[in-house]
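You will see chain A twice below: alongside chain B first, and alongside chain C after that.
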Partner chain A sequence: MLKVMQNLDRRYLYALLILAVALPFFFNVPMTVPATQSTESLYDKIESLPAGSFVLFGGDWSAGTRGENRPQSEVLIRHMMRKKLRFALIAFADPQGKTLMQDIAVQFQSQYGYREGVDWVNWGWRVASGQENFLKALAQDVLTTAGTDIHGAQVATLPVMQGIRTGRDFSLIIDVTGTASYQAYIQFLQGPCKVPMALGTTAVMAPEAFNYLDSGQLSGMLNGVQGAYEYEQKLGIEGRATRAGLSLSFAHLLIIGMILLGNGAMLMERRQQKRASGDRS
Partner chain B sequence: MHSSFFHPVTGIARFAWYAGAVAFSVLIIFLLQLVPQRFRRYVILSATFVGGLFYALEFLLPVHLMRTKADPLHMGNFLTPYLVPFGVFTQIVFAATVGLGVINMLQVHGKRLIRRGKDSAFSLAFLISFALMLLVTLLKKVHPNAINANYYRLLFDGALQSLDATMFSVVAFYIVSAAYRAFRVRSPEATMLLVTAILVMLGQIAIGILLTSFLPKTGVWHNLRFEIIRDWILRKANAPSIRAIQFGLGIGSLAVALRIWLGLERGSYFENQG
Partner chain C sequence: MTEFSPWLARATPHLILWIGALCTLGMYSVLYRENRLYRLFEHIFLGLATGYGVALAWTDVLLPLWWKPLWNKGEWWLIFPLVVGLCYYLVYFPKLRWISRLVIGFFLGITAGRAFQVFANDTWPQIPASFKPVLPHAAIAKTAASPAIPALSGADALNNALFMVILVCVMSYFFFSFPQKHPVLKGSAKLGRWMLMFTFGAIFGSTVMARLALLTDRIDFLLNDFGADVGGSVWGPKIMLALLIVIMAVVLTLVARKADIVEE
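Let's turn to the complex of A and B:
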């Protein structure tokens, strides 16, 4: 029995994981959790911006990390819209980012009375390999470097860009990503233009980003779905992250449970073997 | 001087510039093809060196006040005005490399399909998917009606996004299986790793945080809350180690960048082509 507990067929594990992730979606169990310091700082940063401030929003994710990055993008865009901030969307890491971010902004714009071109703009996708050079140029001259939006309109002619000339005119930079794209923002835009920056990242990438939080180069951070979940609670909304929170908990508890099961069985087996060898001697 | 070349062009003149740019690019590619094989290495080396030298000098040379239309408080040197055209130029060059990548993919999969080689079914799937996505996207651009928008949505949301998300989700199954089999308390180090992993996981989920929510929000006992322990592990134990690794990586990247810039790097572009 102890051997079986240590070597369960992986198909049972897979089935348990499917249940742990899927079943919680059928139940609505509200859980109030305190926001971590990094989430709190990001919320406070956006709250402190006056209406009309301009935010550069990097959507550097694709469907692969949609589970974590989409709730983060949604909750941050909703907060910016609630605060009446202007924003520009841009993607480097993946061409999908352009379309995915456009969908989110369009989804919420009518709810907050936003109009594309007037309150927000999507600059589209730029090739990731040239991100550093593009950001260096953007810091110097936003309108010429950004060029056109995803509909082909010259961004210089759009009302949303009024008063935005150089990187120093940004009030905040946010990058939501499952990659290290935020590091180029820090090196070539945040630092040289002395603009505050925040990050939304997948839980697996977050440990690297804590260095930048400690150094003050990042003003706040959303760490995985949990970060978005905490942010939704700060905003008082029940979005994607709240719905996914219970699934996330159950999946993690399953992993912890299986680790404890395997180790418990191994330790008991060792004890039995010790006893058996003691009896023989 | 740079503003006479690098400024937005609209109207009919734009198409003349497009045609000129295409003709110029074709001429350059033609001239590059004429360069003997053994000299191509030096063309690549020169382009790399000039590109690197521009950014190095722009960063290192002293700056002074340079008023521009965009920024009256602009600081820079004589190279700074060229940052914008250089930034746009690199986007164009890299976009062209994406195009080269597409041509390469079509060549590789096309050949495999014609030869009916191993896994040619996957090549066929790639070519059909590529052609379909291209066709539907072009249709949506040229005739942006509801039908074409729905076709696009079907392929982008229904196929691409779902497949991409599925590919990534599969990792979760491997993690559960691997964690169950590999995380065993066989040594003090492994035990420490296991305890740390469990504490971080509990601090990362709502149920875990709620388990210790009865503890006070201030004082000594507050430090035993799972989310506080997780933060301590990530920020005090983990971050310094990562910082040290990043310092090493940074120095390594600098060395590699210097080798590439000065043409000292060994590799296909610098040796085999020569």
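Let's turn to the complex of A and C:
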């Protein structure tokens, strides 16, 4: 039995994992997860903004990190729309970000009575290698630097941009990303313009961002799909992250169980071998 | 697309889901073993992502910001970025290589200068933020001269002290200028190494969580997006789950048979 457990074909584990993820979608088990401090801070930051405030929203993710960044983008956009904040979308890290963020904003705009060009705008995608130069220029002159939106309209002529001239006119910067693109925002926009900034990042990238959170350079952060799940609970909505929450918990339980089983089997086998060698001597 | 084919226009949302489901299953076929189907979809994904990036670099950046102003509005000075960019390629011509060095030197200077701003805005604020109070105190009232300082509870003070100890220990681990022979330095460096190990463990745990979140998203897509489109929102996800279980049962039977053959 111990040998079977030690040499179990990995494909059995994959099958178990797929089942552990798929089955919870059919059970409606209410789970309340207390929001972590970083999620709480981001929620409070957006709550504190008066209606009409302008938020620069970076959608620096692609289909590769959709599982984490999409629920984060959805909850943040829904919260901004609920608070009647104006926002501009922009993507640097991946050209897909432009389209994916547009789809999310369009999906929710009718629900909250939002209109493109009036309440929000998508500035589109700019090459990642030029992100630093773009942000540096944006800090000085928003309208000229942003140029046109994704439909080719001059950003300066759009009602959503009323009263926005320099980076200091932003009330908040948010970057949802699976890359280190948020660092350029801190270096060339948040720091020089003293604008609060928040981050939604994949769980892989989150540990690196905690020092920015600790130093106050970031006002809040969503850590992976867990962060989005906590945020949905704060908003009182059941979205993608809530749907995925139970699956994720079951998958974690399975992995923890397998680690314990595998290591337990290894220790017991070692003990048996020791005993066997002791009997022989 | 509506003019081209009304049927295609109507069917597009369903086609997108079907293609998405086929691609997802094709990519996950690697879980059984490396195979040609997986390779095919891998290449399709790579090709699509690269092609999409190249197309958007033209339609979203070069066309509106460079070509149109240059060609339609007569902003002739925009030809200079092209000339400067082309100068990089003079590195392949020995006699004109010095021109490429001028351009490289120019941009190297800009990048080096920008590094100061990066340090000032990125790293510098983290240094004063690392000096945390370690003694609990009551709130200090706001005066004209100094801003208010919030109260520090015993638990927060302990947290700060722990932070300071870990910070010093980890930094002492990275003292390479002299041998770490002194017992205090040796001990703090060892503790620092342990703390680093805990951090790497936490990062690894986060990585597992991230990968599982991506799997959860794909399963959610197969069951609730694709499944609902194929069989309706009530039965569709259940049919898809049953189909997944059948596929896995077939695969695992194959695995078990192969294992039996090897044992024999």
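Following the convention adopted for this analysis, the second predicted complex is superposed on the first by the 281 of 281 C-alpha atoms of A that agree within 3 Å, B and C clash if a C-alpha of one lies under 4 Å from a C-alpha of the other, contacts with A are read in each partner's own complex, and residues count from 1 in each chain.
As a convention for this text, a residue touches a chain if its C-beta (ideal position, glycine included) is under 8 Å from a C-beta of that chain, and two chains touch if they have at least 3 such contacts.
Since this is a predicted model, take the numbers as computed values, not measurements.
J.: With the two structures overlaid on chain A, would chain B and chain C clash, or do they fit side by side?
T.: Here the two partners, once superposed via chain A, clash with each other.
J.: Thinking of the overlay built on chain A, is A:Q37 touched by chain B (first), by chain C (second), by both, or by neither?
T.: A:Q37 contacts chain B only, not chain C.
J.: Considering only touches as defined above, state whether A:K98 meets chain B (first), chain C (second), both or neither.
T.: second
J.: For A:V142, is the partner it touches chain B (first), chain C (second), both, or none of the two (neither)?
T.: The first partner, chain B, only.
J.: Applying the document's definition of touch, where does A:N211 land relative to chain B and chain C: first, second, both, or neither?
T.: After superposing on A, A:N211 lies in contact with both chain B and chain C.
J.: First (chain B), second (chain C), both or neither: which does A:S129 touch?
T.: So A:S129 only meets chain B here.
J.: Just to be sure I read the superposition right, which of the two partners does A:I259 touch: chain B = first, chain C = second, or both, or neither?
T.: A:I259 contacts chain B only, not chain C.
J.: Look at A:L248 in the shared chain and tell me whether it touches chain B only, chain C only, both, or neither; answer first, second, both or neither.
T.: both
J.: Please work out whether A:G191 is in contact with chain B alone, chain C alone, both, or neither, and reply first, second, both or neither.
T.: second
J.: For the combined three-chain arrangement, which segment of chain B clashes with chain C: 43-51, 61-69 or 133-141?
T.: Here chain B runs into chain C along 43-51, and the other listed stretches stay clear.
J.: Where on chain A do the contacts from chain B and from chain C line up?
T.: Comparing the two interfaces on chain A, one with chain B and one with chain C, the shared residues are 14, 17, 21, 62, 64-67, 96, 126-127, 147, 203, 206-207, 211, 214, 223-224, 226, 248, 251-252, 255.
J.: Considering only the defined contacts, which chain C positions touch chain A in the complex?
T.: Answer in residue numbers: 31-32, 49, 52-53, 56-57, 60-61, 64-65, 114, 117-118, 120-122, 125-126, 129-130, 199, 202-203, 206-210, 212-220, 223-224, 237-238, 241, 244-245, 248, 251-252, 255, 259.
J.: Applying the document's contact rule, which stretches of chain B touch chain A when the two form their complex?
T.: The contact residues of chain B facing chain A are 6, 8, 55, 68, 70-71, 74, 76, 80, 83-88, 90-91, 93-95, 97-98, 156, 160-165, 167-169, 172-173, 175-177, 179-181, 183-185, 194, 197-198, 201-202, 204-210, 213, 217, 227, 231, 234-235, 238-239, 242-243, 246.
J.: Please name which positions on chain A make contact with chain C in the complex.
T.: Interface residues on chain A, with respect to chain C: 9, 11-12, 14-15, 17-19, 21-23, 25-26, 62, 64-68, 70, 94-96, 98, 124-127, 132, 147-148, 150, 152, 183, 186-188, 190-192, 202-204, 206-207, 211-212, 214-217, 223-226, 240, 243-244, 247-248, 251-252, 255.
J.: Quick check: in the complex, which residue numbers of chain A touch chain B?
T.: 7-8, 10, 13-14, 16-17, 21, 31, 33-34, 36-37, 62-67, 96, 99-100, 126-127, 129-130, 133-138, 140-145, 147, 154, 156, 165-166, 168, 203, 206-208, 210-211, 213-214, 223-224, 226, 229, 245-246, 248-256, 258-259, 261-263, 266-267
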